[in-house]
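The data blocks that follow each hold one structure.
Heads up, the next two complexes both have chain A, just with different partners, chain B and then chain C.
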Partner chain A sequence: MDKKDIKEIEKQMKLANEGLPEKERILFSDVRPTTVAPLNKYLENFLNWARARSLWIIGYGTGCGAMELRPLMTSRFDMSRFGIAPRPTPRQSSVFVIGGYASIKTIKRIVRSYEQMQGPKFVIALGSCTINGGMYYDSYNTINRLDYYIPVDIYIAGCMPRPEALIAGFNKLKEKIQTGECEGMNKYAENFDWYKKNQKQIIKDWNMPDYNW
Partner chain B sequence: MEYLLNKIKKMIKFEASIKQRDDLYFITVKKEQLELILSYLRDNEGFTHLAFLQAVDYLEDNKFQLTYMLYNYDIKVNLGIKVYIDREKAEMVSIHKFWAHSWQYQRELHEMYGINFPGSPRVEESFVLEGWEEIPPMRRDFNTLEYSIKTYYQRPGRSTNDPAKYMKEKMYKKYAESPKIRRDND
Partner chain C sequence: MNIWIKILYAVISVLVVTIYGLTLGGIVRKIYARVHGRYGPSVWQPFLDIIKTHGKRVSISHGYMFYLGPIFRLAGGLGTYLFIPVIFGSVVFSNFSIAGDLLLVMYFIFFGQLGMALGAGEGGHPYSPLGIARGLSQMTAFEVPFSLAVIAIAIQYNTFNLTTIVAAQQGSILNWTLFTNPLAVVAAMISLLGMNMHPPFSIVLAPQEIPIGPPIEMNSSFLATLQTNRGLFTAAKLILFMNLFFGGATNLPIMIIKTFLIYMFSVFVGASFPRFRPEQSMRFFLKWPTLIGVASIIFIAYF
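Our next item is the complex of A and B:
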């Protein structure tokens, strides 16, 4: 068997929901994520144009950066003029804004919410904590690099970035979506084992299903 | 307040007392006397409020210091009661019978410092550190930078500027190089 075959077999292997009690293991999905190939050029361009104009943020504030979302939502900066609106559940939203530092307890919830979101989905990482740990780089409880656990499309540096910076980040995200560069979901599916390995390395008590869709 | 302290002094022999402000006093008592003095202060002297319970790690003395901060609403005085306990076999009597909310403090101390409180409700449940396997992180012999480098992937290229050094180099270079040049005022 050469390396290609081994990779194929590994891809077909399913994680067994080992963190759950035996009774509950069959209740959850056991399908690996798959990559979605783009449709024909013109249709995909049109879809990307449409996607960039309707961004829905999941209403999950992680870390202190979520504080910047309130002025962004409300009258002063008013993100709805850019076609961005908040939604309460991961199933209904397409953009995940990680607001600053993510502790281990939070990254567990982030992973679970991210996997529950329906594609196409995008991640904006806000603040320097998500880039290299920021001022918490030596903390025992916060991660240093977010892109080891979920794929990230846009980083907004700063501590804290102001709502103007966030708007600039959203505009950049729109440009990227329109050109079809935001392939975070496919990246996650391709490198699924690597992401899962990294996640399980820090989340020691994995008491949630392996596939959250 | 002095009157009260004298009264307590007659009752039990405490080790030291400090007056920090007019409304802030500290007394140090022995581990075994804690329950007695807490119940006395709460029931007879009007210290009805437990403001906080916290620990300090004295690594050099091999001791933990627990501080029980009480508050009296009538005379508006804070009274901190300090207890020293052994660091190796850190165990303290639980006070959830006196103040029901103290189980939360004790749970946190158990998680962050590894102090045992036998009988305290839900003390084993983790607060923040789900699935923690190392020694409790707030103990001073826990090296948090080392753990962070080992566990989380550091992004290379991080640099820091020591403010004093940076200012000397960039802003006051002229003065640092030739000490003869002084500012006009000097």
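Our next item is the complex of A and C:
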């Protein structure tokens, strides 16, 4: 068997959901995420144009950086003029703004929420803590680099980055979406096992399904 | 008339009114933003949102009823709209107005909510039955003054046919129900506040307490169907109120001006008042508007 066949078999394998008690396993899905190819060129361009103009942020402030979203939402910086709106549920939102440092407890919820979002989905990582740990680089309970755990589209450096920097980041994200570069959803499905391995390495009490569809 | 031509006209009128309703939604968002001191989203934002939600690559379903929920909701919106004559005397926009259509329309206003309740309930999220409970109880509350106003109108015009009601109001502005039966209009306009779910009656979708309420689990195309219906349903309700109380419309610009002004009543109240709690909103509808509705029936039947 060559590598391609092994990958094909891995794709068809069901998830074990080992973190759950035996009787609860049947309640959750054991299907792996699949990649979805983009549509034909013109249709996909049109959809990307709309996606870039209607960005819904999931309302989950994961760290101190979430504080910067408040001035962004309200009158002073008003993100709604860029077509950006807050949305209270992961099912309906398309952008996940990780607000700064992510503790081990939070990364568990970040993974859950990220997997519940419907693709195409985009991630903006805010602050130095998500890039290399920032001032928490040697902390025992925060992660250092976010893109080991979920695919990130845009990093905004700074501690804290001001709302202007966030707007610049959002504009950059829009450009990337329009050129069709933001394929985080497919990247996650392709490298699913790698991401899961990294996540399980740091989340010790893994008491949730392997894939939170 | 040939049934195919009738269907073609219905499709045209549904498209025009859906686009109008969605644009109206965009304008209202802009107005709210300006009241908050913000610049606000573009007027076309609802269209972009619908294209985007339809363009999602994956979607999660929770069962058959979950599929049917948004479809019932859209059927409720279509049913409400298709039996209301939009423009008096127009062939294209007369829709399927028949004898007793007012009763049918009132049934359809409720139908969509019930269908949605079944669908959203299957989503399994604890907040969606909470939103449904709030939505249905508030709906039952504001249906009381609205039904009383409709009964007053039925007594006044001796008919349940919307076209006849509009025809009776033609001629002069003083023939409008607004001037011939003002109490019924007051009761119905207050219940319109609840129908449009702007503050103070926005407890159903309350994004801060019960994230977005009933449609919390709706994603991708399910949500896009609901968004489309919101445009159509809002416009249909406004047209119904225009026909019942404000003399109907004889052409498209008049229809647009009148429905816009009726909607502005909801928006003005919504932009100025904070939100009621569920029990406050229920008590409110069952107190003054209901009494005004009863008074309107007594007024029209005996004086």
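Definition applied: the second predicted complex is superposed on the first by the 213 of 213 C-alpha atoms of A that agree within 3 Å, B and C clash if a C-alpha of one lies under 4 Å from a C-alpha of the other, contacts with A are read in each partner's own complex, and residues count from 1 in each chain.
As a working rule, contacts are C-beta pairs under 8 Å (C-beta built on N, C-alpha and C of every residue); 3 or more make two chains touch, one makes a residue touch a chain.
Bear in mind the structure is a predicted one, so any value in this text is a computation, not a measurement.
For A:131, decide between first (touching chain B), second (touching chain C), both and neither.
In the superposition, A:131 touches chain B alone.
In the superposed arrangement, does A:140 touch chain B (first), chain C (second), both or neither?
A:140 sits against chain B, while chain C stays out of touch.
Identify the partner contact of A:89: answer first if only chain B is touched, second if only chain C is, both if each is, neither if none is.
In the superposed model, A:89 contacts chain C only, not chain B.
Considering only the touch criterion stated at the top, classify A:148 as touching first (chain B), second (chain C), both, or neither.
It touches chain B, and chain C stays clear.
Kindly classify A:202 by the partners it touches after superposition: chain B alone (first), chain C alone (second), both, or neither?
Once the two structures are laid over each other on A, A:202 reaches chain B alone.
For A:47, select first, second, both or neither according to whether it touches chain B, chain C, the two together, or no partner.
In the superposition, A:47 contacts chain C only.
Is A:185 contacted by the first partner chain B, the second partner chain C, both or neither?
In the superposition, A:185 touches chain C alone.
Could you look at A:174 and tell me whether it touches chain B, chain C, both or neither (first, second, both, neither)?
neither
Check whether A:118 is in contact with chain B, with chain C, with both or with neither, and answer first, second, both or neither.
Second partner only.
So in the complex, the part of chain A that touches chain B is made up of which residues?
It comes out as residues 103-105, 108, 131-133, 137-145, 148, 201-205.
Hey, which residues of chain A end up touching chain C in the complex?
For this pair, the touching residues of chain A are 36, 46-47, 50-51, 53-54, 59, 74-75, 78, 80-81, 83, 85-89, 91-92, 94, 118-120, 185, 213.
Any idea which chain C residues touch chain A in the complex?
29, 33, 36-42, 45, 48-49, 51-53, 55-60, 207-208, 211-212, 216-220, 223
Can you tell me which positions in chain B touch chain A when the two form their complex?
128-134, 137, 142, 144-145, 147-148, 151-155, 157-158
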